[in-house]
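Think of it as A, B, C, D and E in the order they're written, each chain with its own count starting at 1.
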Amino acid sequence: MLLRHLLFYATLFIATHAHALSADEVKGIIFGETDTRVEALNKAALTADEKTVAFIQALSDDAVKTSGDKVFVVKDDKAFDPVTGAEQPLPPDAEDVINPNMMRSELDNALAALKLLSKDEQLRREAIKTLGSDSDEARLPLIEKAYAAETVPALKDQLEMMRAAILLGSSDKAKRLEAAGLLSASKNPATKTVLIERLGTELDADVKVALQAALAKVEASLAWGDKLGAIFSGISLGSILLLVALGLAITYGLMGVINMAHGELMMIGAYATYVVQGLFQKYLPGAFDWYLLAAVPVAFLASALMGAVLERSVIRFLYGRPLETLLATWGISLMLQQLVRTIFGAQNVGVENPVWMSGGVQVLGNLSLPYNRLVIIGFAIAVLLGMGWLIGKTRLGLFVRGVTQNRPIASCMGVNTARIDTYAFALGSGIAGLAGCALSQVGNVGPDLGQGYIVDAFMVVVLGGVGQLAGTVYAAMGLGILNKFLEGWTGAVLAKIAVLVFIIIFIQKRPQGIFAMKGRSAEA
Amino acid sequence: AEDTIKVGILHSLSGTMAISETVLKDTVLMAIDEINAKGGVMGKKLEPVVVDPASNWPLFAEKTKQLLGQDKVAVIFGCWTSVSRKSVLPVVEEMNGLLFYPVQYEGEELSKNVFYTGAAPNQQAIPAVDYLMSKAGGGAKRWVLLGTDYVYPRTTNKILRAYLKSKGVADKDIDEKYTPFGHSDYQTIVADVKKFSQGGKTAVVSTINGDSNVPFYKELGNAGLKAKDVPVVAFSVGEEELRGVDTKPLVGHLAAWNYFMSIKNPTNTEFINKWSAYAKAKGIAGHKDKPLTNDPMEATYIGINMWKQAVEKAKSTDTDKVIAAMAGQTFKAPSGILSKMDEKNHHLHKSVFIGEIKADGQFNVVWKTPGPVKAKPWSPYIEGNASKPDEPVKGMSVVKK
Amino acid sequence: MTPDLLEEGARRVQEHQALVARQNNTASGGRNASTGRIATPGEVDVTHGRILYLQDVSVSFDGFKAINKLSLDIAPGELRCIIGPNGAGKTTMMDIITGKTRPDEGTVFFGSTIDLLRHKEAEIAQLGIGRKFQKPTVFEQLTVFENLELALKTNKGVKASMFFRLDSLQSDRLAEILVTIHLADSVNRLAGNLSHGQKQWLEIGMLLMQDPKLLLLDEPVAGMTDEETARTAELFLTLKGKHSLMVVEHDMSFIRTISEIVTVLCDGSVLAQGTLDQVQADERVIEVYLGR
Amino acid sequence: MSTPFPTINESLLAEQGMEPTRVASVAAPVADRPTAPPTGRVELPGKGPLLTRSGWSAFVIALIVVCAVAPMLNLWVPEGHALHLSTYAVALLGKIMCYAICALAMDLIWGYTGILSLGHGVFFALGGYTMGMYLMRQIGADGNYKSNLPDFMVFLDWKELPWHWTFSDSFVATLILIVAVPGVVAFVFGYFAFRSRIKGVYFSIITQAMTFAAMLLFFRNETGFGGNNGFTDFKRILDIPIATPSMRMTLFVMTGLTLLGFFLFAKWLVGSKFGRVLQAIRDAETRVMFSGYSPLGYKLTIWVISAVMCGVAGALYVPQVGIINPGEMSPANSIEIAIWAAVGGRASLIGPIVGAFIVNGAKSWLTVAYPEFWLYFLGALFIGVTLFLPNGVVGLVKKLRKGAEQ
Amino acid sequence: MLTVKNINQYYGGGSHILRDVSLEAHLGKVTVLLGRNGVGKTTLLKSLMGLVPIKTGSIEFDGQQIQKYTPYERARAGIGFVPQGREIFARLTVEENLRMGLAYKSASTPIPAELFELFPVLKQMLNRRGGDLSGGQQQQLAIARALAAKPKLLILDEPTEGIQPSIIKDIGRVIRMLADRGDMAILLVEQYYDFAEELADDYLVMERGEFIARGLGKNMPADGVRQMVAI
């Protein structure tokens, strides 16, 4: 970020009639009602020089403080006078300048407008994006200038769209018609807003027709993004359901423990992530962005360890009595929740997305795929593959399956069943911990975290067919996509009800889940 | 037992509501410590009786019976959700107890035995919408009313819809959406809001409650829905709720409350300091490292102090006498006003503040009412309320022993 | 199909055609008053001399043909032994008869009127087909007494069972069977605590209580001592005549004691059929089953 | 060839008062000489009495406590007296007795038939809502809005009662519906589920889905059951004020009688052959089918009976606790019912009742005594019971008693 | 090889099943244990495997006192077990079942090819789930599984139950061959008298938890063992 800004100052094209930032301008921008501040800002921006730009940038970065009627720009714990640039002592009573939404939006626009003429293509691109939805007529000359100077075809097209959006408000009918024609090729959702707004005020019938035609075209090209977006959110929800269910697919699906504490094991994973975050903040602030990578194994181990302890102390006495495990693990879940309340408090704790997980890739004008969702989908796939390999292809996996099917005989084959049981339960718990780590990136981290997902987790495992890994995957994805599809149609509440009803009906058709085991081995 | 006055504390310490309510229990305990340190009430020490209704609504009623019937408490501070209050209400009325309810709620209720120290809809929702419609607030023309599917959001949105209509907003420009309790996947909702906002300047009024807020805000951040494009004003999100959220992408989104921790005045500074010290001393998890105050805490604090004053004025803890003495009580509130209990309607007069979220999880106050607003528990935007008296109706066919 | 089956089939076709021809000659258009019978629903009709009749039955699991165009029939009162290599499809055949497995194709008739493929397990049991599983299955959490009581032939509807009381006739029968199966001293023990062989006996006892017309016995003497095997053989012989039995066993000496006709199954269809001596002499049977 | 059926002297088959042991892990007396030759005389266990002698005495005592002692201690012994039974205690006991009915119902379906329902809360709530609707109508025009419609309907701008409120003003209809609504819902749900042979956890999970879906449905205001707030602020029942000591006592006594009645009924049911078929279904359903029983009818019957019992419990619960809302249908509530049964001891009838009292009593006490720590105690109780008392508290008592006898 | 001294065993309810049972099994010898249903044969074998706890008595195997060992330690010490009622892993494939038999061997140990010569059907059904096999096929699998790890002591509980005659003969041959190789002791519980007599080097007859007769296999007819088992 910082480098980018330096570059920006260095390459900024300074308007010929630029003049130095005055103390009055500064005061006008800082003090008073938002309206007058905006006015002062726009005035100053028209004749901006380097200092003005630096000042606007600082204001936008919340790096400006005031004390009485004095204004300071704060940088690296030092305060400077915005006009002279001289370093000044910062009075202890200095207060932040408050920029409400409106002001902040104007600041961004002003900066963007100034960057439109930058030599750096990346900066111009950003500027165009920021200004995208703004159709302020006052900016027309600037945009035309930028349009004339632009050499990159894609950016030139976008500038033309911006110009057209402004021209839509022109008093010249021909220009409006032309603008409408141009805009119909846009794939930008902001264009839709502009067109709708213009439609509301347009009086000329011809222009109205043109506007409507343009609007229809724009909406048609946006429809794709909406559809893909819905599918993506279905997959994304599915990946979360999958993560949440995978651990349970082991502890419950394979081992037959009706593990009501599964949610709490996820919660432990999430809190472990929180603790790692805290440690990074304290001891490794420089590497903070990578705390999540460290949190993954920690979350796994924390939950796995807890799982191992539970298995050794409680669960192992209950094999072959599945319904008793329900009761005991319910008790465990109550205790773990309260334990977390005692240690971390009843409130949620904050877990931040690392910078590389914020934001997203813009795929279409109205479809951007958030990084954290993409990462979680990838993570779910990785966990799934890892677990599939471990269970299906390794000796450990073979032992786990053997032991869970017939404990005494497995031990007669020379398998240390107690140890395998502990490993298996710890593995399932560890995977729950991984799920918790992932969930910390999209939802709450609090004592109730587990309760919110436990029902879903069981539904997924059971719908897929107990003990069927592949079924779990299908069930998670199916429910995720079905849920999102219905949600767009009926709203979230009815969608959730419909999904539950769907599960009930589906099980009637397939009483053993999607991947029912067939034949006699199912009864054995 | 004669030298103490028992005070019931009825907040969930476990279950789903513990997230919000636990801290209110501690607030009452802090206030009690403070009052006792100053010599108690009428020379008697206050003795807290803490119970855990465990986010279970019938249990609220049962515990109330116990507090009033067995423990003979003089007053109860408690409840958060409206349904818990509704569950407790018949019991306090029958047993003629006294309940102080500290959370903003939907109105449509006025009981002689309850003092409502949180906001009624006109003390929170309506001013917030006014602000968003104003030029400074962005001049919103389209509205998404988004809430958790239960009575408080439904009622508030009903009032808001009527209000917006009265301001000339067409039905097609209002989108009302609900999610189930504990909903955690807001992708579709946020995508819908985004789409809706393409039709013109849009603001979102969020009455999402409790746990769903974190995933909602995280999704807003992910989807790049910035406050300057589509501002979201929330009525159930305060400092405590933001504790669990990465606020950087949320800067500029709003909340409407009658108190913010960031309000600068000596009373508030003192309040925050007191709380910080108390949280440290008692090792209250979370708060001992990062003490936070919020609106319901302030409302609780005002409530107990006003009750103390009323008892002293009435020279008795007798419910009816205290009720009478409560009318018109004032207290210097941390929000910076001289808070006053209405003479008649059992609600506080409150200033309304609109705050924008800052990167540190606190709020910038960007707008406030010129002075305290009197509560209208019976919203005029709901049919049939016009004729309602602005005070509890006495003698509601309750049979006394 | 084996030659003798073919013959048998041909004989029956001829008989049937002759019957049709005869009937068509009557004045009543084939409805011959004297031979006309009313098929009572639920009652097995064995007037055609067959109590169980399977034709061209096939079933496959994931592409593996466990039963392959199997045709077989059993006469009322007959004791039929079925032998065949492990995996020949004997148990699967019983699964099909009792409604546990649906065949892919073919017909299965109980008597000449009841299409078993249209009935559920419980109905088939009520029609009069009892089964002993290869792996003894009893109600482990109930006592021996209760196991037998439940099996007792009586109205098995919900309401009837609520008001059920054992009458003295039934008590006698129960007591008799308890003695027969050597569990008289264990009336009050939980069936789950019995040894393997005791469970075998208990299951046979339950079958006797059920008093079915057709008994399907899947390896009934597995795990029994020779003495008990002999007793079982005796028991089966007394049942013969009144009941029809289909016994699957690998114990040749047992088969020898009880058998008239032995059917050899292999790879899901009939390999040979005849007296034990006949099939024991059959090279193919020696090859796949008996060994040298 | 000797006959395999030796004839047996009839007189030797005299009825013995022995009751067959049916509880799984309480081992039956094992004959030390398992293969002793048949003696020729067989002692068949006779049909045991409904309750043993001491069982009847205990029952009668319970009856007296519920119908006479409790009312006396509550209404006549003055407040402040050491023996006074407080209103709070009456309410608490009344509530727990309702829960005990649920636990008993759960035991029939889970303990005896092996079908774990994680959705019994829905039947409880349906009974409760049915009663609640009647109580709402009894408020008449005394509500906030002075309308004949319940307040929440006025608030939703509804002008008339929706169809499903049609019979809510008739007490008789309400009584019928309390049985019919949970019964019909259970019947339809159970018919399809059992017909499809849904078993084990698959069944448990769809019952959970059912209660979860019902909860979300009832949360919606439009569904017409008062949304999240549900029904509260009841004023009268049969036009008699509800918040009076005598009315409360009446409800208490009725609950007690219902519980005792259901107990006897359940005892009779599981003692009959019907009950044994249920247990047989639990242990080996295929064998049951091959013995000629159609499990569908049996499962459905006990499922509906169990649901109706829960519904009745719900109907008794609502006037006593004064509120019914969709929270009763939350999956956790249904799980709790199963937990009461397990704590007390499954497949013992008295166990679940004891379990309901222990768990809820502990909860009520601990939430006051240790508001911050009670979950640890409760959690530990559940774990402890499973680990050390596999047959629940009742199993322990039986064991101790057996030990004492020897 | 195996020396069992004075084992007493009780089931949970307190019933005394094994009463002072002592026996020996030697390398290269087949020891056959006979007895009617319910006398405690399976219980004895389970006690040897450690599947049911014994109250008193000692078990010495290959020079170690193993009565305190867990079942898997006994397996690792070299005891292979074919349980009554097959007890294969129903949801593992045939191959995986055999691999379970190799559990305590190193991961790269191949499944001995001779098993497939012995039981060709297993090779054919390598990828079928154990539970889908026919009863006799399962029994063959159970035996193969126990042989996979080449144990020093092989315990078989009614291995011929449900198996077709030709394979019984094969199994008999195998047992003989294994014993004759001299590196394995075999303890066989059998109801099928002729089979038992043919194989027995030593025999034991059990009645109500006690041995009522023992001797050399070749003396079985002379000792009237057949009658003992038949009441």
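The working rule: a residue touches a chain if its C-beta (ideal position, glycine included) is under 8 Å from a C-beta of that chain, and two chains touch if they have at least 3 such contacts.
Chains and their UniProt names: A = Urea ABC transporter permease subunit UrtB; C = Urea ABC transporter ATP-binding protein UrtD; D = Urea ABC transporter permease subunit UrtC; E = Urea ABC transporter ATP-binding subunit UrtE.
Note that the structure is predicted; figures quoted are calculated from it, not measured.
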### Task
List every chain that touches both chain B and chain D.
A
### Chain whose averaged C-alpha position falls nearest the assembly-wide average
D
### Query
So how far apart, in whole Å, are chain A and chain C when each is placed at the average of its C-alpha atoms?
66
### Query
Distance-wise, how many Å sit between the C-alpha centres of chain C and chain D, to the nearest whole number?
43
### Task
Could you give the separation in Å between the centres of chain B and chain E, each centre being the mean of its C-alpha atoms?
74
### Centre-to-centre distance between chain B and chain A (centres being mean Cα positions), rounded to whole Å
29
### Message
Two-or-more-chain contact residues of chain A, please, as numbers and ranges.
### Response
337-338, 342, 451, 493, 496, 519, 523
### Message
Where in chain D do residues touch two or more of the other chains?
### Response
27-31, 33-35, 216, 219-220, 286, 372, 375
### Query
Among the residues of chain B, which are close enough to touch at least two other chains?
13-14, 149, 178, 180
### Message
Taking the touch rule as given, give the residues of chain A at its contact with chain B in the complex, in rising order.
### Response
33-35, 62, 98, 100-102, 104-105, 108, 133, 189-190, 192-193, 196-197, 222, 226, 229-230, 233, 236-237, 240, 337-338, 341-353, 358-360, 366, 368, 370-373, 441-448, 451-453, 483-484, 487-488, 491-493, 496
### Message
Going by the contact rule set out above, which residues of chain B touch chain A in the complex?
### Response
13-14, 16, 18-23, 135-138, 149, 177-180, 182-185, 187-189, 191-192, 194-195, 197-200, 211, 214-215, 218-219, 221-224, 227-229, 231, 240-246, 248-249, 252, 284-287, 356, 359, 361, 364, 366
### Query
Tell me, which parts of chain D touch chain A in their complex?
110, 116, 192-193, 196-199, 201-202, 205-206, 208-210, 212-213, 216-217, 219-220, 286, 331-332, 335, 338-339, 342-343, 372-373, 375-376, 378-383, 385-387, 390
### Message
Under the definition above, what is the set of chain A residues touching chain E in their complex?
### Response
395, 398-399, 401-402, 405-406, 408-418, 467, 517, 519-524
### Task
Could you pull out which chain A residues touch chain D in their complex?
258, 260, 314, 317-318, 321, 323-328, 330-335, 337-339, 342, 451, 455, 458-459, 462-463, 466, 493, 496-497, 500-501, 503-504, 507-509, 511-513, 523
